[in-house]
Amino acid sequence: MSAALHTGPAVHSMWTSAASTTDRFPTPHIEYAQLSPVLIVFGVAMVGVLAEAFVPRRSRYTAQVVLAIVGLAAAFAAVVALAEKGYGTTKAHIAAMGAVAVDGPALFLQGTILLVALVAVFTFAERRLDPMAHGQHVDSFAAQGSAVPGGDQEKAAVRAGFTTTEVFPLLLFAVGGMLIFPAANDLLTLFVALEVFSLPLYILCALARRNRLMSQEAAVKYFLLGAFSSAFLLFGIALLYGYAGSVSYSGISSVIDGTAKITPALADTTGNDALLLIGIAMVTVGLLFKVGAVPFHMWTPDVYQGAPTPVTGFMAAATKVAAFGALLRLLYVVLPGMRWDWRPVMWGVAIATMIAGAVIAVTQTDVKRLLAYSSVAHAGFILAGVIATDKDGVSSVLFYLAAYSFVTLGAFAVVTLVRDAGGEATHLSRWAGLGRRSPLVAAVFAVFLLAFAGIPLTSGFAGKFAVFKAAAQGGAMPLVIVGVISSAIAAFFYIRVIVLMFFSEPKADGPSVAVPSPLTSTAIAVGVAVTLVLGLAPQYFLDLADKAGVFVR
Amino acid sequence: METLIGLLVAAPLLGAGVLLTGGRRFDRTGHLLGTLFALLSFVFGMVLFVNMLGKNADDRALHSHLFTWVPVEGFQAQVGFQLDQLSMTFVLLITGVGTLIHIYSIGYMEHDERRRRFFGYLNLFLAAMLLLVLADNYLLLYAGWEGVGLASYLLIGFWQHKPSAATAAKKAFLVNRVGDMGLSIGIMLMFTTFGSFAFSNVLPRAAQAAGTQHATITGIGFMLLLAACGKSAQVPLQSWLGDAMEGPTPVSALIHAATMVTAGVYLIVRSGAIFNAAPDAQTAVVTVGAVTLLFGAIVGCAKDDIKKALAGSTMSQIGYMIMAAGLGPIGYVFAIMHLVTHGFFKAGLFLGAGSVMHGMNDEVDMRRYGGLRKFMPITFVTFGLGYLAIIGFPGLSGFFSKDKIIEAAYAKGGTEGWILGSAALLGAAITAFYMTRVMLMTFFGEKRWVPDAEGHEPHPHESPKSMTVPMIILAFGSVFAGGLFSINSSFVKWLEPVTGHSEGNSPVSTGTVTAATMVCLVIGVGIAWLMYGRRSVPAVAPRGSLVTRAARRDLLQDDFNHVVLVRGGEHLTRSLVYLDHSLVDGVVNGSAASVGGLSGRLRRLQNGYVRSYAVSMLGGTAVVVAATLLMRAV
Amino acid sequence: MSFPLLTATAALPAVGAIATAAVPAARRVAAKYTALAFSLGTLVLAIIAMVRFDPGGARYQLTESHTWVKNFGLHYDLGVDGIAVVMVALTALLIPFVMLAGWHDADPLEGPDPNRRWRPTQGFFALILLVEAMVVLSFEATDVFLFYIFFEAMLIPMYFLIGGFGDRAHPGGEEEAARQRSYAAVKFLLYNLVGGLIMLAAIIGLYAATARQLGTGTFSLQQILDARASGQFKLGTDTERWLFLGFFFAFAVKAPLWPLHTWLPNAMGEATSPVAVLITAVVDKVGTFAMLRFCLQLFPEASKWATPVILVLALISIIYGALLAVGQRDIKRLIAYASVSHFGFIILGIFAMTSQGESGATLYMVNHGISTAALMLVAGFLITRRGSRIIADFGGVQKVAPVLAGTFMIGGLATLSLPGLAPFVSEFLVLVGTFSRYPVLGIIATLGIVLAALYVLVLYQRTMTGPVKAGIEGMADLKVREVVVVAPLIALLLFLGVYPKPVADIVNPSVKHTLSDVHKTDPKPALEAKK
Amino acid sequence: MNPANYLYLAALLFTIGAAGVLIRRNAIVVFMCVELMLNACNLAFVTFSRLHGNLDGQVIAFFTMVVAAAEVVVGLAIIVSIYRTRHSASVDDANLMKL
């Protein structure tokens, strides 16, 4: 700690005088219109909670699905309207008393998250895949989350046709948090948003209908580690607050830049770089955890595997978008002046993430775990773009996130289709010969895998090229080379799955592909469409990301 | 007239095309058609010849440019023909003897179901050989050169169901390819030296080039010699010729006696200007020639297979030609002259051998012959005349041509001259020996016939007209050609404008040489008569001396090839296959495996315990914090 | 705007691929004819392009230029020089033959297929057309990135062709065949993908360099070359070398050059013969073509810097490939190693940097395409008949199927570069071109022609001659469809062997341009040629 | 009293909490350790708030408490349900998924 804090009476006088000049709380001034996407989502979530209470059980499902879809669509419309009005570019500003930024990256990412969530709702609502239980269509979620798996209570719940329709409000709450997360313009908002979207996710993880033990285990692991990481984040926030005397991004960055008005207290704390550096490190760690970067990635495979697959898809796609958004804002708005400090560290993290993700994935035998490690490797690629620290870096990351999230969503949606008696057949050996039995499903999955692998003409390639290009221009050519090498390693396991699907003889007792309702089909179709459109004609979206690539400060 | 040159080549080429792609509808008429195309070519040749005779000696060459073959910057290969006296000589020999052998084959191949194809190949050969001798540049010559190699390959292996034939064919092609390598390197050297490989560009400037580019010119000479060695079965690339006798006998007569194998001589004589400018290369040429003439002769002495004995003889006779060609302007003309006379008598001898085999159930072992003169009088007489011609019986063709070469060898002067001359003389003696041996074992003595593998008793009989007539015509050539060429030095005058000629300064008089040759001849014949005429011939070959046994195995040269090249090559390829799999591929597979291994190990970190995940996070945080602080410190 | 001929040449097969894939499962034959029709249409377009190409005109002709993705500096720039137009024509020419030869390769096995929706036949032909479209585009692209996209993307359909429709004639039985096949497919893909990804790094490096020096990053060959000519753009020595290596590595994998060749024998061995032809005669040519087009043009100095090493590697490829071919027990692997040897010649010719070498290499690409197609397709007919591809299982085929044997022989003779057949011309040009600058290398390379004779003749001898082996007796001779496949190829081999002028005339001016890119002039003969 | 001491205490509490997470097996205790870490943060916030003389830190501390309470709700729900299934709250028993 700072030696300056030990200076006796002088400090004490400052201490008391400071206490006497405490600010009064100003009257809050909220720009409701500009926060409308968030407000809509939260509002609809509330309505959803109420619906749980008041709508009769048999129509709850319909009500919730409609609510969620309408709410998300409305929020998306609001985002588009805001962007149309120029809040992404010329009118970008900071709203809600400095708590939330309304700017290009925020709107772009909010739009992406909302679309992802909208598609995710389709997969959440799917009720045709599982065999009917007692004459009722059932979805992927436990009949009653609190019931002991296999116990009498659960049986009774299934018989009674209970379903956990609470997942929709939970989803909406999570989405609300995610919307704020990348837009958060002070550290407190950041922290609260983090918790707001994390807590519903913890619960969602625990709600799988099949493999409930694994589902609960995933939830507990996710929860404990998540809480652990948010403690780090919070402590980091505390240290930064201690350093700068403020938690608002602009406040901190102006202190770092030395443009802030120096009060005696500031003069004291800013003399202590350790506060700043450790604070940065810990806040970054908190975000890297959510992103799934090595070595903070270890929750990913277990949670991805255990969670209900629709939740995994949503989580993998949306969390990553939100978390990277927050990370970008933090690094670009708060800490640009510190980039000589954080860049080398991020280099190391990016390299470790790319290589470890790709290497460990090579020997995976479960599709969901495989995709989890693949998401780790992708986090590494995105980090390479983050490191570029220029406008290209931002827009390339934005583009990558949009491209990646739909591929992921689509891939997990396909995973829900391949089933046997025990539910989803996620062990890779069960996928052998899928291409012979269901060429279309296998082909679609192959498209997603190729996009993951970054084969040209898919969105994965465009995204990868964009971030690597930004990294190279930012002088991080070695990162590009590491990225390329790990892409090659990664390609190996994507290809392995394709080999398995197309070139292996189907097993006699192999899983069958369930015929989904239009809901999942739509989700998958959207995934494929986005993958191909962003691969073939990415220009419009690149422009969009480019326009959106400026943070407001 | 110029168009006629093209037609000369086109006729047999057309024949080959028709016969080889025409399918079964030509099965009945194929042989006649093939013969017709050969004859047509001969007629064209004769017309051109007559036309040429009508012209001034210095103005006889015809040129005909057809089209640009390979038009590439700096490398303009043309398809063009040049018909001068040298080419003319070959054209007549090729089409003449070729036509005769086509006719002969009509009878010889009568019972072969694939006769049409045989004639197709023969036509293909004629076309390629004509291309070779008519080309006006080395690249086109090379095309013909490989073309005859292909025809030779196809014909040696004509009876493909016999593994020995297929192997022999392959061997011939491969050994020839080594020679071809020489030719192509030679052409490349010409290209880098002269910027061209047309005769008209290279040859006239060879002497000039020798001044500044001596080593290069010598190199070209050596490369051309290598090519000649391959095609003409000269040491060290002679090994294929003996095996080539697996082919039908007319093929042996045409390709492996009269024409194709002499292409090497043509090449050296054609490139005389280069060799004249490269004395070292010339020395190499005469050395090769001298060695081969003895080598072939010795091998010829030991063979019991009539065709292989004749093959050894061919090798030896071509050795004479090559040696003569290596002597420079003193020898060029005589090399060609011997080539022509040899074409007659050796083709005659082979056809005779074929006739014998035809009558003897395709038996080739001379120890199973004996006393055939009574059964095949025409064959006996024509073969006998050929025999007399080859041993150089006074007045017959071989006498004139061979004597000239021996003379020229002495005329080379100095120690070299003496060595070469003596080698040639010794060769003459051995020639007399082995040819007398062949003659005696085949046509004289008691019958030693045995039933063939299927138990058919041989019924020796004279061959049909289609076979005997060509033999008779060739016998005429064997008898009179040499004399005709020598009257008034007509052949020398005919060729001189192309090859140049100079009378050497022989330290030994012509008379002495002739006398010495005669003595050698008598000795050779005498010894042979003592061994095979007076005594009866054992039906199974005696074990023989070390030399004899070596000679039977082609003086172990083949064994050397086998051990060093074949075995060595097998080991090399086998170890390379292994290396490719284990090392080159292994490195890649190994690195893939090591990624897999690393993956397996890293994977174990993911042990499923929340607390260890937390450790990893805490550790990671510590590292990140420490690194951040460290960055500042640095 | 004039008719976009080049786009059409690529679009037609792409549309054809979709059309073929869309044919219902039961209408297999219709799918085949659809595909064939589209491939023939493409051939017509390619021929039109070749005719409309004016050798004396601008360097790149029939150009089309549109911006595709501005942010990536990616342009949809098409254009052909003499070399490219010939390669496009070669591709378009070979595809119909490949299809005809593989007419029954993707027929479902007998019996009702339990997997009704599995449409292998449609897939097979659609994938071939897709490969064609991508190969054509990569020949036509004059934007580095555009090239890269198709260079990389074509791996995927190729991968499915290798892995999905492998050779059923495997010594180890069905199970082993499937295993080997997917191993080969994965190996093919991974090798090429790694090459491609390394090239991607170089591509990104190139973008960074252009962006830094020109303000906006671009991949347009024309823009880069113009900027270089005007002095606006210049790569530093080290940068140029690194970028060159990145590009070259990818091409060397694809070509393939020793020691990156080991995927080829596996791929060609396990794929069906038509697909093997597609690999070696069409797809691999993109690698050597790209060396000519991109390595030499973009990085002339680095190319010269790397020449010694590349030449030695090419030489090793020639000798090593040939020796390994001699040692093979499997007909298709033998041909694959022979191709390694031939690719060595092509690369040798390219990096000899003489007119003869470059023209020879270009002609070599064409001729090797045709000759390997002839040899491999006939080998395929042979293998299908016998149900084995092990050389020792054959013998005496000549006796029972003379026409098959004859065509096989001609294919073989073309492979060993017999004069009169097309490959001779190109091989000799490469040798002369190499020799005139590097005599020793030229002489060593000449050894390759002896070894070529060895492996071809050994193969022929063991399979075609000798007594008729068990399993060969009833072998049928070539059917009409098969003759239709082989005869035109042979005719072409003969024609181009005797009269290569039409092709050479198109190629020559482009070669001249390329040589001037690297600032190389031919070595002068020791004595000035006589006028 | 020197504010630095509060910070030392906060750091100490944080470390104890983190160590507890690593050491303890019972999920509830682990979670309590996390809570301890959060409270360490709170202490730091309040200290800094005092130091800088603004209220931000104190407000944040309230927020943190609310968030922690919410976490408790969710966390306990999950932990209890897993306890009911397995009759064990040991985090080491939740080990189905690994590698």
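First chain written, first letter: the chains are A, B, C and D, and each begins at residue 1.
One rule holds in what follows: a residue touches a chain if its C-beta (ideal position, glycine included) is under 8 Å from a C-beta of that chain, and two chains touch if they have at least 3 such contacts.
Keep in mind that this is a model prediction, so the values were computed, not measured.
At the centre of the protein atoms shown, by the Cα-centroid criterion, sits C. More contacting C-beta pairs link the chains of A-B than the other of the two pairs B-D and A-B. Between the Cα centres of chain B and chain D there is a gap of 96 Å. For the pair chain A and chain B, the distance between C-alpha centroids works out to 80 Å. With centres taken as mean Cα positions, chain C sits 37 Å from chain B. Chain centres here are Cα averages; for chain A and chain D they lie 23 Å apart. Those residues of chain C in touch with two or more other chains are numbered 190. For chain D, the set of residues that touch two or more other chains comprises 18, 21, 30, 91, 94-98.
Residues of chain B found to touch two or more other chains are 592, 603, 606, 608, 610, 614. A list of each chain pair in contact follows: A-B, A-C, A-D, B-C, B-D.
Taken in their complex, chain B has these residues touching chain C: 20, 67-75, 79, 139, 142-143, 145-147, 150, 153, 157, 160-163, 165-167, 169-170, 173-174, 177-178, 180-181, 184-185, 187-189, 191-196, 201, 205, 208-209, 212-213, 216, 569, 572-574, 576-577, 580, 584-585, 587-588, 592.
Taken in their complex, chain C has these residues touching chain A: 68-72, 115, 117-119, 148-150, 152-153, 155-156, 159-160, 163-164, 178, 181-182, 185-186, 189-190, 193-194, 197-198, 200-201, 204-205, 207-208, 211-212, 217.
Listing the residues of chain D that touch chain A in their complex gives 2-4, 7-8, 10, 14, 17-18, 21, 27, 30-31, 34, 37-38, 40-41, 44-45, 47-57, 59-60, 63-64, 67, 70-71, 74-75, 77-79, 81-82, 84-86, 91, 94-98. On the chain B side of its complex with chain D, the touching residues are 603-604, 606-611, 614-615, 618. The touching residues of chain C, when paired with chain B in their complex, are 190-191, 258-259, 261-262, 320, 323-324, 326-328, 354-356, 359-360, 396, 398-399, 406, 413, 418-420, 424-425, 428-429, 431-432, 435-436, 439, 442-443, 446-447, 449-450, 453-454, 457-458, 460-461, 464-468, 498-501, 504-505, 508, 511-512, 522-530.
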